[in-house]
Each structure stands twice: as C-alpha cells, then as structure tokens.
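Two complexes, one shared chain (chain A), two partners (chain B, chain C).
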Partner chain A sequence: MPSAFRAYGRYAVRKLGSTVFVLVVLSLIVFLMVRLVPGDPLAGYYDTQGIPSDTKIAALRAQLGLDKPWPVQYASWFGALLHGDFGDSLTQPYSVGSQIAKRLPYSIELSVLSTLIALAIAIPFGLVAGRREGAWQDAVIRACSFFAIAMPSFVIGLAIVLTNSRTLRLRLVGAVSFAQDPFDNLRLMLAPALVLAFPFAAELIRYLRANVIEDLKRPYAVTLRAKGLTRGQMVSGHSLRNSLIPLSTVVGLHLAALVGGTVVIENVFSIPGMGQFLIQSINAADYPSVQGAVFVIGVIFIAMNLVIELLYPVINPRIGEV
Partner chain B sequence: MSDRHDVVSASGLNIAYTGAGGFALRDIDFTIRAGEIHGIVGESGSGKSTLGLSLLGLLPENARLSASVFSIAGHDMAAAHEHDWIPIRRGVGSMVFQEPSSALDPTLPVGRQIEESLKLAGWPRDQRRARAIQILDRVHIPEPERRADMYPHQLSGGQRQRVCIAMALAPRPTFLIADEPTSALDVTVQHEILDLFREIRRVTDIGIAFISHDLAVVSQIADRVTVLYRGGLVQHGTVHDVLANHPEPYTQALLRAVPSVRDRPKSPFDIGQGGAWSSVRPHETDDGTKEVSHG
Partner chain C sequence: MKTRRTIAAIAGLVLTSLLVAGCGSTGAGDGDASGSVGSDASSIQKGGTLIWGSRSEPGNGGLDPYVASVYRSTAVLALTYETLVVKNDSGKLEPALATKWEQPDPTTYRFTIRDGVKFSDGSALTIDDVVWSFKHHKEVNGAGDEALANLKDIKAVDDHTVEFTFTEAVPSFLNLISRRTGGYFIVKQSWYEQADSKTRQTQTVGTGPFTVEEWNHGVDLKLAKNTHYWEKGVPYLDGIDFKVTGGDEQTLLSLVQQGSVDAAWFWDSELAAQAQNAGFTKGKDQFTSARSIWIDPNYGNGALKDVRVRRAISEAIDREQLIKLGANGEGALSFATPPAFNELAKPNDSTPYYKYDPDDAKKLLKQAGADNLTISITYGSDASSQTDVAILQLIAKQLSKVGVNLKLNGVPYSEVQNVFTTGADFPSELVWVVGTKGADAASSYHSWLDDSGKVSHWQGNADAEKAKSILAQARKETDATKRAKQLDQLNTEVADKVLILNPLATPLNTQLWSSKVHGFSTDSEDARANLKYTWIEH
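Up next, the complex of A and B:
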C-alpha cells in the first residue's frame, strides 16, 4: 500500500523536523545551565611557579575565551559542535570528544543490557500477574516487585559485591572494553546490569499487569471470549500486543535515562562510564566537559524518543494516519 | 433446511445475579430452530441480553443459572463450567455484538481476526486465509482480499459489523446470537445489515437468535418472536401470531412505542397525558402496582 508508506514518510519527516529544533534548544539550555552553576574553572589552577598572579589568570581566561560575552562563547562552541568538535577540557589534558568516545560505550552497553534483562523478566511475570489478577501468583509477583522498587539499587549492588568477596570471589569490579575482550566485558557487565535491571523490571511488571487487566475489561475481550479463546490466549495473543504501545514509551525513556543516570552503580562496580565523567567534570567546573557530556546524554534521550515515535505506527496502526 | 430441529433449547430457565436480589430471568422457555431467526424483544432490563449471553456461557461470574432443560447443540450445559463452554464457542455457536467499533482488536488486520476464529475451530492452516476472504465476500465486503489486510479503524461502521458477522459465520456454526446488531448503526446501514441477516437465513441452515429492543426491526426479519419484560416471558410464538393476531397488553404497548408519523407529537414539549413514557408502560393499575401477563 504505497499511500500508507507515503503517510508514514510524512509522519517521519514531521517528527525529525521537531527533533532538530529540540536539539538546538537543548544545546542552548545546556550551555546556560553550566554557566549558572557557581564555580570557576580556574579557581584551582596552579603551575610550577605555585599559585599564579591575577594578571596571569586574566591572561589565561582570555586565552581560553572565557572573558568574552556568553553569546559569543555559545556561538563558537555550537559552531565547533556542528563539526563534531566538543572542545578541550579546561582542567584535564584531554579533548572532551575523546573522553566521551571512551566512556559512552560502557554506559550504553550497561543500559541496553539491563533493559534487555528487565524486559526478559518483566514480560512473562507481568502477563502472568495480569492474567491471574487476585490469585496467589499475582500476590507473589506483586510482593517481589514492590520489594525491588523499594530497595535502592546500590544496596543490592553492595550486597552482591560483599557476598561475592566472602564466598565465590569472582572478579566483579572494573571494566574491560568490548573490543579488547568481549567475553570478559560481558562477564563484568552482568552484575551491574542485573542490579540495574531488578527495579526496572519491577516497574515494568506493575505497568504491564495494570495494562493487561485493563485490556481484558475492554469490550473486544468479550468478542474474544465468545470466539472461544482461553484467558491465557487472550493475554498472549492480544493484550500483550495492545500493551506494547504504552510499554514502549516507558522502556525507551527509562533506557535513555539509564545512560546518564547510573552514577552510583558505576561507582560500586568501578565502571568508567558517562555518569562518573559527568560528576568529575561538574566538581572541577570544567565547562566544555560538562556541556559535552550533558549534551550527548540529551541527544541520546531525544534520539530514543524519536525511535519510539517512529516505532509507534508499526505497533499501533492508528497513529501516523491522522 | 429440511429438518427444523432445535439447535438450542431451554426450559424453566432461571438466572439470578448473586448480591443483586431477584432474578434476571425466571422460568423462561426458549428454543432456536435450525434455519430460523428467532427474535428476542424487550426494553432494557428485560433480560434479553442475559438470555443471549447465557447461550454461550458468557454470563458474568456472579450469575447463577438453573434450568430443567438447557441443551446447546445437543450438549446439556445446565451445570457447565467455563472450560466446558470453550468447545461450544469454537465453531458451534457464535455471537455478534452491538458495537462493531469496539468489538474488534484495533491492532490486528480484520482478516487475521477471522483466521483466528477458524484456527480455534480447528481449520487447517492452509485453508484459513481463503475461507476468511470467501466469508468476507459472502457478507458483501467489496474487494475482500484488500479489506482483509485492513485494520478495523480503516473500515466504516457498517463494514465493521459485516466483519463481525463474517467472523461469527466463518467456522460454519450451528447457531448465532446477534445482540442488538443494528442498534449502533445509521438507519440506512441498519437496513443493509437486516438484508444480510435475511440472506443468511435463506442460504444457510444456521439458527439465529436476534435480540433487539425494536419490535419494528424484529417484525421485519424474524420467524418467531419472544417478548420479555423484567425477566419474565410475556409472549412467544410466530411473528404473525404475536404481533398481528393476539398481542398481549404489554406487546401492544411495545407496538405502540414504535414511532409512526401519525401519532408523532406536534412539538417536543407535547408529551401527552401520563408523561413522556406513558405509551411504553404496561397498563398500570390504580394503586401503582404493575401487572405483567405471562404468555
């Protein structure tokens, strides 16, 4: 049906256009936000002659371009950004781009892995809980998911690390890049991914359960029953499909949030990801690093949102035509 | 259509909802014969939908059913559980509902939904698609191959109801319950769907229970009619007997409620003596208690 493809094309172009606009606004907000936070990147500066004089600091400030008005600074930063240049760190001897390139893969891998684990846990248990609303299976699943949501993830993480150090003594802490050794990489990522997956899975279970229960009360469920479907067939054949639309939003946004929001777990398991980089840069008032990190995390958020919106018409045929 | 045996037969049927107090249906005798349309008429709350749902075991969980005879396609279902009903629903009896817009899964093409019914009724995989398209054609959906791949929202209300009817007929059931199948449709579409029901009766041997609040609709297409009022049986018999020759007082009241040009009020504020609903009430005695006749 070419008309359907054309409608989808129009839908996609519209969504892409609004995404570009959001990206520009994001870069401006990130830039201004960083400058509103108190702190001076040159406050802790000293060289081989000890603490430098005020004139020398002023010269450095001019050299780094920090004396110019903010619109000029923004224009030069955003201009370089369009060429893929994030600038150099003010406090460390590296370029921001190289740091992000090194750290982002760990964060993305951790987020994707924990999302996959969460889905693998949540879909079967969520469907069972919804199908057996009020029965003992539902009660057990709900109690477990309540516990997993209530428990802070670093507590579970520390418990795993401590228990391991006294018993199995597996190497759980640290990170190896995937390119270097894929097997070691996955082995070390598994524990933090599991820790991040539990509360996520619990949240998804509750969400899926509520959706299934609601779906089974919709009028078409009576038609399905009249066709001779069992409750299990109704859930697996229809309610899951109908619940995927709201579920995809929750999964996508949570996945994006994980990329920048795993600071605590990165610390527990000593993973050099985006969260650690961001915290270090904020403490040093390292403007280009904070700007770069926040911008990249924002881009991932927006990109996930776009992916979800482009997937909607595939899951739900009613969107994209109106 | 040689033999007109009963495909559904109930006698002394009582249905009560626990906690509700009182019966939804009491002492009902009802049959559907192969190849006939049996109209079930009554106002809302008369128990006509309860009767329809009970014939496929679709009553809510708090419903309690008892009957001296409750035979569905030759099976005694008086004490049946949910799992006993599943083989009946898979291809023996089907149902068409009032709202075609909410009766279909919005995320699946309609052809797939018909194929699902066929699969449940045990049709082999390689015949399902062809049968789905054939039955869409039989209910006069134009371009059935193309329409089979469409989603419910891409079809009009009348076409959706045709899809629901096609889905119900696809596995060649013995009987069909149609619960107000035309009430949610425009008047012109209503007529087309009624024509379709007439055609189904003419070319198949299926027994149809046609539930409606509209006596005019039922009188047009039914062979026999059962009139219910507040869970009780008012009258049953052939359409001709019930409507033309010997209508009971309540049936007469229902007949009077059918609007006609002649006694239309002159203005919306002209509600006549006894209030707006006086014409549909069964005759009320002077002390306000209601009398309902049993046929």
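Up next, the complex of A and C:
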C-alpha cells in the first residue's frame, strides 16, 4: 500500500507540475495574443460626435499604463495575477475580477444545467439504442442524433426565439441571477440550457450506444447471457456501469469547454456570462478583461483535465505506475 | 414497453421544461400605438420605472463627465448632468441652469445662474461649482478644448453671475456649451475631487432629472429620480432601467416582442420596423447622422483632383434610391451638416450635382478622360455597420452604370477611426464616415476642409479655396443669422466643387416605445431629453 501511495504521489506531483507550467505559458500566450489583434483600447474614447483632445488621450494612455513596454506590462499583470488580482478594465469602470465573479456563475450554471439535461436525455436513449442495435428504435434515435449534431445550437436557439417572438411571446430572453430570484433564474436558463443540451446529448447517445454494443459482445457478457440474464438486465446492470467511466471523461471535458463556449447562445438569449464578456472585451480591445476571461476559461479547462488525470489511477491503478 | 415508457417520460420532461420556461410570460406591448407626445396634466400617472432596452451600456470612461466622450455614455450623462443653456428642436437657445445670458462685447459672455438649484445629493449648486466645472474642462482637454481654447478668464461676478472672457471672439461658444451630450456639464466640485476614478465613472452627482442608482455591468443601468430636481413636478417617473442586451439587436427585438421592455432604440432600421409591427410607436426621425464620403484628391494617380470627375460621381449617385432601398426609407438628403441642424437650409433639386443624372455624369467623365475609372472606398465592415454595407453596395452598383468601378475595402472600424482621430493617411481615394450632428455646424467642416484640420487633404487645391474662405468667415461671424447664411453658402459651394460626397443622412438611432408610455418624443440631438416629461401607465 505505501508503495502504491508513493507512486500515486509521484504521479500527482508530475501532473501538478506540468499544470503549473501550462498555466504560465497560457498567461504569456494570452497576454501576447490580445496585443497582436489590431485595435487600440483608446479608440473607444473616440466618437464622431465628441473627439477627445490629444492632451486627454495622452493622459489616459499614461494613466492606463499603455505607454510602457510590453514585458513591463506583462510582469505587472502576472505579478498581480499571482495575488488573485486580475487588474482593472481599460475601458470600463470595473475590476476584471469582479466582472468574472459576476459572470462566471451564469456560464457555470448554464453548462451544468445543459450537461444534466444532456445526460438525462442521453443515458436512456443511448442505452435503448445500444440494446436495440439495428432495430427501428435504434434507427430513429440515430437519425435524431445526427440531426441534433448537424444542426448548430445557435440556429436552434434563434429558431426558438424568433418563433416565440411571432407566436407565443413567452419570456425566453434575458437573465436573472440565482441569488435574486431562483425560480425566475431557472425558468430563463432552461431554454438556452435545452438548446445547448440537444447536440451534446446527441454526441453522448452515440458514444454510449457504441460502448453498450461493444460491451455486450465481450466474453463476460456472453457468459452472463448464457447464465440466463436478459439483454435489458445486462445493459442496466453491467454495460451502463462500464460505460460511465469513459462517459465521465467526455462529460468533464465538454463541461469545461462549455463555460467559454456558449458565446453565441449567451448573445441569443442575452445572458451576461463569460462568453458575452469575452466578446465585448475583444471588441473593445480591453486587454486585462480579455486576458482575465481567457485565463479563467483556460484554468477551468486545465483544472478539469487535471482532475480527470488524477482520477485515472484511481479507476485503473496501472496508469499511476507508468 | 419499458423503452416506450422511458421515451415518453423524457419527452414529458422536455415538454414540461419548455412550459416552465415559458410560464409567467408578460405578453407583448400590442397596444394602440398611442404613446403620444404631450400629456394632459390630469391624466398623468406619476411613479413607476420605465424599462428601456439598449444593445449597449456606457462606453469608455463610463459616466465620468470629464472622461467619457462616446454617445452611449453622454446620452446617459445628459439625463444626470445639465448644461448652462440648451437648444430646442428649432435650434434656438433656451435656459437650463442659466436663466439669462448676454454678450456685452464680442469676447465676453455673462450668465445668470438659476436660483435654488440642488445637486442630486441635496446640496446646493454654487457659483464656484460653475466656475470650476469650466476650468476643469479646459484643464483636462488643453488646447483641444474647442469652446474654451481661447478662454482668458472665467470668474464669479457675484453669487449668481458667471463671466467668461476670451482673447478673441468665439462665435461657436454658445453652440458648443449648449449641446446636451457635449460634455460641458456642471459638476459638483467637492464630490468630483474627493471621488476616486471608479466612483466618478459609476456614480453621478449632477443637477439633472435623474441620478445613477446602480450599474450592473452587462446587465442594466438603473437611474432613479432626482428628488431635488429644480423643475417642479418632474420627472414623473421614479426611475429608468436601461436593460443591456449585449450588442445583439435581434435579442433586443425579442425583448420588445416578448414585452420585457417599455421602450428601446435600434440602430438597425429594419429591426426597428419589426418593433413597430409589434405595436411600438416610432419616434419622429431626427436626421442627426450624415453618411459622408471624405475625399483625398491626391491619392494614387490623383484622378479625383479633376472637379469634373468628382461632379460625375456625385451625379451618378441616385440619392433617392439610396434612401428608399439602402436605408429602408429612413433617410434624407444631406449636406456635410446633417438635416438635424434645423437653422440651416436643406439640399433640394437646385443643389449643384445632387440630382441623379447618369448621362451628364458619363459626359463629364469622358471630358475628363476618365471613362474607365477605378477607385476604392474604405469603410468599417464590423457587424454593426451592416446598413452602411448595403448602402455602399448600392452606390457601387450605381457608379458602375457610368463606368466607374468602385472597389469596396471593408476594414475594422477602428482602422477607419484612425483617419479622423489621429489624422492617419487615407487608405484609399475615399473613406466612408458615419458622422453625427455636432454642436456647431461650422465645426463639421473644420477637420477635413480647413488647412489646420487633422484630416485635411485640400491644402493648395484651388477648388477648395472659396469654401475655405467662407468657412473662415463663418467661424468668425458672431451674428447667428449671418452665420447661418454663410453656412448655407458654404454647403452649396462644397456641393458645387464636390469637396465631400454626401449620399444621405439617417437617424442616429430609431427610438420606439410601447402604448403604455406617454409624453416621450425624440429630440434633435437624440439625447432622450424628454424622458423627464415621460410617464408610464401602471
């Protein structure tokens, strides 16, 4: 046992070390990337209606630290980041950290909700399709899955919003924070979560179906069938459990990707989440906001990866020994 | 059997989710479109919060009256801070914080400040606040302060009178400081000096009818009624909640259609028309935005140096078609000064080279030896400029009919901005500029026509000499009537020599409101000044 622990400890330290390295590289890439995109954060102070004087613009540039060389700006930003300070927005009167703290819950909620809905749809349909391989149920489920994967979620979202606008006129667009009104929050989040859930569920159905079909062909399954277990009992009692391990990896990574990947849906349904924040910040060439948002999304992705990688040896002890 | 039950259960779950998502709908504002201007005093309902949908929130500089300069900021500042005087829709000066003003000599202005004015925090407005507000404005903007660059002194004559002395006459002074969104606001000195940068940008202490209550970035900006407002009985509303949709006007339309907002403004006229179909009343179009094409006659081989070529291009543009098809009917003929300058004459059939005449255009091009001309125009191709792209494509089509090949060079708008903000070289012969009505009509010409202007490309060009001379006179003319005549003359001269192309003007935005909103109307600055007289059925 102690040697297994030591092996796991070495594995965990190795993974943590590489994660820290990836985060440092990520911070540098993010910092340089936003500066390569054409655009001046001060351009947003200009307007054909009111053009600020050169004196005012020069003073603003100095005040925002944009007159310093980029390595100095990077060192200053990264130093503050190590203390949990994302800096202040260049274009709006807020600290980037406070904006992320306000917007991240919307994106996480949307991601979690859509993942739960996707699982609620995918598990039964995936199992049915796997169990009834080649039957009409399988054909229908596969056809629906293909359709859901092929149809971009924002198209479904727009179709729902536009149809609703011309018919039922239900309140589908807008957002209320969970703390303000939990019921209203969930009601407004449900439609975008469903829109995001459909293509994800379709992917999971296909994944689960393939796993179940493969599992049912394994020798142990043949033995159990010979002992009298029905296909249904096999699927619910064994194949589902066997499929959940690889499924959790897919779900975990997809969940992390969703946090920053819901830009269009957030726009369609007017949800002030991370995606919307990122797009607004890019449009305004607001360097600290873009850096902060991309960094946090990257951290979530990397953290999810780390958790999954740290779980592998627990699931399969041979991995930790490699 | 079990599978069928599973499918039915999931279908039920999805359906229930959709129903839950939809329950509690508020329905659309499908009233009788009677959101009228002007209200019978006895029918006015005081109180309530108006929800105004907008695709954006205040921009760079937030709500700091000395830093913010973009329209989405100043349009909110105009509701929370006030200027000494304002202009009505006819272009006539009216009292605001000053009840009287006089000009004892060409370089002196004296204002009598209204008695009993209080800031939104309940403190009294003092003459020192007025003096400091202007001094600080000049300090922040330096020599670039158009109204105050030649200011020699500003002082309090007594507790109610402030006097400005200039080193030379500044005929545009009153125009510039009277603009509601122009930034010459009266600010409480002690508050501004004590507040940190973030506070100045997120809170307001002004004398306007409203004050900022809360700003949730990316969600909404809430204004509350200024209970100390000097004009008795107004505002009627308890507050205004500006709902931010985050840049997508289609989403804003959805909010209108699902009845989640009482009023909204759209930049896209097509979506505004759909909002109107949903029962919203459209405000009177104020043609505050001139779509202009700036010309660099020296670019490339200098084909546009020849006035005949420029005249041919102007005649080859079918402006009526642009208004009808390119701008969905929401447009008007325009000089470089948009039609919202009500004190100036508007273009008409006798305006030189404005009438569509492709035959004459071809003749002029032939005379100039430019019957196979290729030129380029640079424009902002960002998603928010889709209306302009449609207009430009139409112009290119029109010009092709007379043998002019107009190449459309779409770039990020920030690159176009460089031309008029930093004076960068033109990236092509022509540059498409979406202008907005400025505070002073003569100022609309300064940057691109006057030799000292940042964007001027007409130095040493004989065609521009007469126009420059008229502009110089107008900039010095202190008599408003004479000045207006000079500017009319300037507009005609510029059209004759085609020193700039003005295909059309459009409203800066289209403002609409539901049938339960009363007393609101648009104003010639698109500053939503009438929100203080607006009330809502509740």
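In this text, the second predicted complex is superposed on the first by the 264 of 322 C-alpha atoms of A that agree within 3 Å, B and C clash if a C-alpha of one lies under 4 Å from a C-alpha of the other, contacts with A are read in each partner's own complex, and residues count from 1 in each chain.
By our rule, contacts are C-beta pairs under 8 Å (C-beta built on N, C-alpha and C of every residue); 3 or more make two chains touch, one makes a residue touch a chain.
These numbers were taken from a predicted model, which means no experiment stands behind them.
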Practice prompt. For A:Phe147, decide between first (touching chain B), second (touching chain C), both and neither.
Written response: neither
Discussion item. Tell me the contact category for A:Leu229 with respect to chain B and chain C: first, second, both or neither.
Written reply: first
Worksheet item: Of the two partner chains, chain B (first) and chain C (second), which one does A:Arg218 touch, if any: first, second, both, or neither?
Response: first
Discussion item. Which partner chains sit in contact with A:Asn242 here, chain B, chain C, both or neither? Use first/second/both/neither.
Written reply: first
Discussion item. I want to verify the contact counts: of chain B and chain C, which reaches more residues of chain A?
Written reply: C
Worksheet item: First (chain B), second (chain C), both or neither: which does A:Ala191 touch?
Response: second
Worksheet item: Both chain B and chain C touch chain A; at which residues?
Response: none
Worksheet item: Across the complex, what residues on chain B touch chain A?
Response: 56, 58, 86-91, 94-95, 97, 99, 102-108, 116-117, 120-121, 149, 151, 153, 164, 167
Fill in: In the complex, chain A residues that touch chain C
38-56, 59-60, 88, 91-94, 99, 102-103, 117, 120-121, 124-125, 128, 132, 137, 158, 161-162, 164-166, 168-175, 184, 186-188, 190-191, 194, 232, 266-270, 272, 276-277, 279-280, 283-285
Practice prompt. Using the touch rule from the top, collect the residues of chain C that touch chain A in their complex.
Written response: 2-3, 6-7, 9-10, 13-14, 17-18, 20-28, 59-64, 67, 69-71, 74, 140-145, 181-183, 197-198, 201-202, 216-219, 243-248, 250-251, 253-255, 257-260, 278, 412, 414-415, 417-418, 420-421, 433-438
Worksheet item: Mind pulling up the chain A residues that touch chain B in the complex?
Response: 1, 218-220, 222-230, 237-238, 241-242, 315-318
